[in-house]
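Below are two complexes that have chain A in common, paired first with chain B and then with chain C.
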Partner chain A sequence: MSDHAKPLGGRICTPTFLICLLVVGIALYFAGKRFLYGIGSVTNMNDGFPWGLWIAYDVVVGTAFACGGYVMALMVYILNRGEFHPLVRPALLASMFGYTLAGISVFLDIGRYLNVYNLYLPWQMNFHSVMFEVAMCIGTYIFVLWLEFTPAFVERWQLKNFEKRLNRVIFALIALGVLLPTMHQSSLGTMMLMAGYKLSPLWHTSTLPLLFLLTALFMGFAMVVFEATISSRVYRLGDETSILAQIGRIMSWILAIYLLIRFQNIFMRGEMGTAFSGSFLGNMFLLENLMLLIGLFLLASARYRTNPRLLFIAALAVLIGGSLFRFNTYIIGFDPGTGWKYFPSVGEQMITYGLIAFEIAAYTLFVKVFPVFSASHAADANQ
Partner chain B sequence: MKQKNFNRIQPRLGGVSRRDFMKFCSGIAASMAVPAALVPDIAQAVTSPQRPPVIWLHGSECTGCSMSLLRSEHPSLEKLIFELISLDFHETVSAGAGHQAEAALHHAIEENYGKFILVIEGAIPLRDGGIYCQVGGKNFVDTVREIGPKAGAIIAVGSCASWGGVAAMDPNPTQCVGVQQVLGDSQVVSIPGCPPNPYNLLSTIIHFLTFNKMPALDGKNRPKFAYGRLIHEHCERRPHFDNGRFARQFGDEGHRQGYCLYYLGCKGPVTYANCSTSQFGDAGSGCWPVATGHPCFGCAQEGVGFHLPQFSTSPVLHATPAASHAPITVERGQGASPGSAALMAGLGGAALGAGAVFTAKLGSKGTDHEDEKA
Partner chain C sequence: MKMKRRDFLKGAAGSLALLTLDGKVVDARSVEALPPHALGILYDSTLCVGCNACMAACKEANQMVPEASNGQKLWDNPRDLSAQTLNIIKKYSSGSGIHKDQDQDGYAFIKRQCLHCVDPSCVTACPVSALTKDKETGIVGYNRDACIGCRYCQVACPYNIPKFEWDDPYPEIVKCQLCSHLVAKGGISACCSVCPTGASLFGPVAELLEETRRRLQMKPGRQYDFPVSSIDSGKSHRFKAPRYIRQVYGREELGGTQVMYMSAVPFERFGLPSFPKESFVSMASGIQYAIYKGMVYPLVVLAGLVFMVKKNKNSEEADENTPPTDQGAHHE
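Take a look at the complex of A and B:
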């Protein structure tokens, strides 16, 4: 990976770090309660809504946020766009934590969590199950991400022999790191395809797998822009707008293709009337796509996307729009039958906030201890 | 089976029609859960002139197992049973007696050395050298030790032969044991029950005749097709158990309503047998103990039948679904509470605000001028 990356150093126990640890502590309390007294003692999940905030946010939205590593590896190593190389390692770091926490979240969410090892026993595998595919892919991808990030550990601790061995196999890891998200991000769509009539027709379509794959792509790019903008300001890395604007341009193409498919699909199925019916779900559909359209509008123009503020707003709008699409598909647009309702309880929310806080705290810790940000690219971008 | 082949064996079967015969073979296949396509193989095996004979010995017991085979409700089934399995020797139904019968036994053993199926009914007393059960002046334990190693397969029918049964009940004055304990080295297939369903025995024998091996066995050498599941698992009163409707006394309202007999001491939850699916003793539908309103007393389970008090409750081995009352109406989830809504709205607002502040600080030109520090 980058030869110029170096640890940022500096004080670790900043106020942000301590606040994050406090939130993590509260989440740990609720996690302990969940393990001791069961899911019902902490969450509002029920037989109608067996998937709540933990699956919808931590897994479905969270892994899309964590697709930065996926799209950057795809750009740099598969499409050979070497100019984005400085962005790979920060993106991988965020992905690594995003996916690891998604895995932890699934562990919290499984009723009989001690049975989770059965996933890896070949004679227990059901190869016809989409959920198995998702679980296996995510489970494997967590390991692959940690291995993809290993060069940073290697550089930090000067593991020369290990580095040689790692360099021989890292191409296979990177290939897996691109293959696995392609598989499970589309399968996340397939899972709700099986919900059938329980899912509102605004979201239930046979193109759901494709839509989920495309949202993963542009949300991954948006996350790279979002996170690079914040860290470049917070850590004074210098301006990266020129390189981020190029990502914005790629994103605008994916967004355009996505919106084309999305609206063509709604028109084709005759559901445009539902979208504009003024109902809650119709408005959610409009809001979701409005956010994406704002993103597309800002990113499509070279003048707007080279403006750091507008680029950041565009990335935010795309992240919100993509998350809304996934929330709508998994919870908001899902109606399991008369009378069922769901809203995440305080404990449930606190665990999710704790995971986010952990991610932020771990990220700030890692960039200070391990070589993640490349010093030279900040200098290059400054020119 | 072709009519021609059937004609060959029909004289042996008396008034049994080909149709009844094939129905019997299908029933056997079904009770062993083997595919229907194997029914012709079964018919072929049980009518083959070369099929190994069955030699049936009696120990300390009541002949109830034999009786349950004889008193089946199907027309002429006893004919089918005894002809089909080629029962060469059976002490209680043989016409001969005394030395004549003993001679027939030894003749049959020598003729079929290493091939015959030995069925043993009844426990084997060991105390004082085994003198408490003698046939033809010979201790039964010695007879079993002598004949057992010569058999092609050994089946212990009934609870007595399986582990001692009623004969081994405390304080067990004659020190009765099951066949396996006497013939330690040989495999003794066990068909417990007091008496067991005759089909469990017939199916096991016919499986051996058809496939030349015993059916799949569990850790106690019981055929899995018959003893793989608890009576409780498929009990017709199981829904009452799951919903918490119990008879508390004989003759009370719950008992008259046909509720679960668990609190009357039913041992179905700890007894492995197929009584709840195949009925008990082939006595016909609705005639097994639980259906008649009496709790199962676990006759087929070692350590339960003749051991636990008949009307005391048993532990529930597999309490799934929950042994507690399953709700019929469930609460359909909770909406937003003030706390949860405030938390989400508050943090969402804070995140939006932070985003807005950060955005405002971002210049429209690429410069770095921030004072935030994470």
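Take a look at the complex of A and C:
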């Protein structure tokens, strides 16, 4: 392979970039309000719904979107599928920002942010707590992602000495980059087991950890397809359909296994009736799985998945279905029972939009300044 | 604090031992047992007259401000437990609502507060051990200096007890701590000490359980002595025994609680769910334990992953005639 990742160059202050900055600005206003007047002044979270959009979207869905780096590292370095190599760095970049912003969102969300150091005091650590494990894993993984991405900085700035030192530990970093998401993505499922009867039986099952891991995998792959399709359009990188279709094929297998487990589990627990009862929650369950079925249908056929447009639609359906599953588990299927209601407030939503906008802006900036895309990787894929 | 540190060392030593025991892992976590000197409250709905003296006393003992839900600022009139209300007397009423302790056309009171679970979800949930269960008294206490405000305790508590100061820029979790500050000075909880009828009765859980057995054996309609304030206060009142529901709420629910309820109307009427004996805690952390076995498995997996990455990466780099400036990790 002769492809070297190169900075794309070009104008940074595009209209998209400026709009993103504007949204970030609005989000900053609400963030300031939150720190001055409390979480209640900005959000609609309450004692019945202690977790809202910030946890459900920014962390639980957002980190699944950011699993592209994880799945690509898994493919290339563990399963030795070198042909996907050109996709690793762009995926890693998106993951890096996805996770970093999830971390920032957590910082806004937790009330007593100055106390976070307690997570690192051995005598305060609670090894029984799933939250502890998730917090530690995500915290460490953000750090690992930045280090995994450093080769791009190294190349850009020709940091020879640092490069030598980095190369000695890079194996461990990549391995951690595979282990940590496996752990915390499944633990995000374990987390809601504690909610007990408050979570609808359509989502409360001891299989949650496995379901969360599988959603992380196929959402990670779907995100790689989604991003690659958009960037190859925007940055005119050439046609990548053939390599992306291969990803589509892998995705179809994971989706099939997931849906099998999901329905088998609902059936075994005798909840099929609830699922088809026509109730709101039943319909949410059906909608979530319908999206995934559409994805599976399109991806399972070689003819459909080699069509760039259908492949993109399939990735989109999978992303929506996976997000719905995670939203349903954290908010929609959750009912504390005492008449509490929750819908995210404007300020709450603005902060989430701000984080997404920041992610886009930072991504576009980085691909122009740092070597991320290999200009010729389309050719490689077609070899 | 000391306890915790020792626990941690024990845990660390334990995982080292595990590594040498080739896979023989100590069994997953078992349901916690009642601590030796567990303290609690027995709330008897049939004795409660709804005077709300306990609510006022609780606020005073814990420096909380009165709340008004009806627009008037004169009376403390909270709607539910909140960041300013650790204890509330709620009323169930049905139909014409005139007969006390009757399911139909009747009414009854219930006291809501932290139940000080034997196997508390909130304690298991808390990542930084800000919520702890006292090894002696079993009181579930809160340490604001450790709490990071993640609110997992709120998600986890099956009784929706912990509340959060949503309007405070640096909020705390608030819940009843069984007046541990008064207990430490040899006293009893404020709510029980002011209760005029003995509906809220303080005491060691073992003795309170004994008392529930005595009450369940009473003949409805006959006169009996009911202790007031605390079970060993020596003070008592004479009342007619009611027709109790044959169940003490908190005896077994999710592993049991140290605050227990007796009533003449079914507990579901008060919004108290009927729970299995096994707690959700043991389910969640059981799974967590099976997967991680004290972090030994992840370490083994990590070693395997490092090996594979190294192998795959080396073979890949050998395939390429890498230019000298270009040994970056993800790069060829």
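The rule is short, and it goes like this: the second predicted complex is superposed on the first by the 375 of 383 C-alpha atoms of A that agree within 3 Å, B and C clash if a C-alpha of one lies under 4 Å from a C-alpha of the other, contacts with A are read in each partner's own complex, and residues count from 1 in each chain.
By definition in this document, a contact is a pair of C-beta atoms (placed from the backbone, for glycine too) under 8 Å apart; a residue touches a chain by one contact, two chains touch by 3 or more.
On a predicted model such as this, the values are computed, not experimentally measured, just so you know.
Steric overlap between chain B and chain C is present once the structures are superposed on chain A. When the shared chain is aligned, chain C comes close enough to touch A:Trp51, but chain B does not. Taking chain A as the reference, the larger set of touched residues comes from C, when chain B and chain C are compared.
Using the contact criterion defined above for the overlaid structures, shared-chain residue A:Ile230 touches chain B, although it does not reach chain C. Once chain A of one complex is fitted onto chain A of the other, the partner contacts of A:Thr364 are limited to chain B, with no touch recorded for chain C. Once chain A of one complex is fitted onto chain A of the other, the partner contacts of A:Ser277 are absent, as it touches neither chain B nor chain C. When both complexes are overlaid on chain A, the residue A:Asp239 reaches chain B alone and has no touch with chain C. Of the two partner chains, chain B is the only one touched by A:Ser345; chain C is not.
Shared-chain residue A:Gln264: touches no atom of chain B or chain C. Taken together, the two complexes place residues 45-48 of chain A in contact with chain B and also with chain C.
Chain contact summary for the complex, chain A toward chain C: residues 1, 3-5, 35-41, 45-48, 50-51, 76-78, 80, 82, 85, 88-89, 92, 109-116, 118-119, 121-133, 135, 148, 150-152, 154-155, 158, 163, 166-167, 170-176, 178-179, 183, 186-187, 190-198, 206, 209, 336-338. Only residues 1, 4-5, 8, 11, 29, 80-83, 121, 124-130, 144-152, 154-156, 158, 160, 163-172, 271, 273, 275, 280-281, 283-285, 287-288, 291-292, 294-295, 298, 301-302, 305-306, 308-310, 312-313, 315-316, 319-320, 325-332 of chain C touch chain A when the two sit together in their complex. Of all the residues in chain A, the ones that touch chain B in their complex are 14, 16-17, 44-49, 229-230, 232-239, 241-242, 307-310, 312-313, 316, 339-346, 348-350, 353, 360, 364, 381.
Every residue of chain B that touches chain A in the complex is listed here, in rising order: 330-337, 339-341, 343-344, 347, 355, 358-359, 361-368, 370, 372-374.
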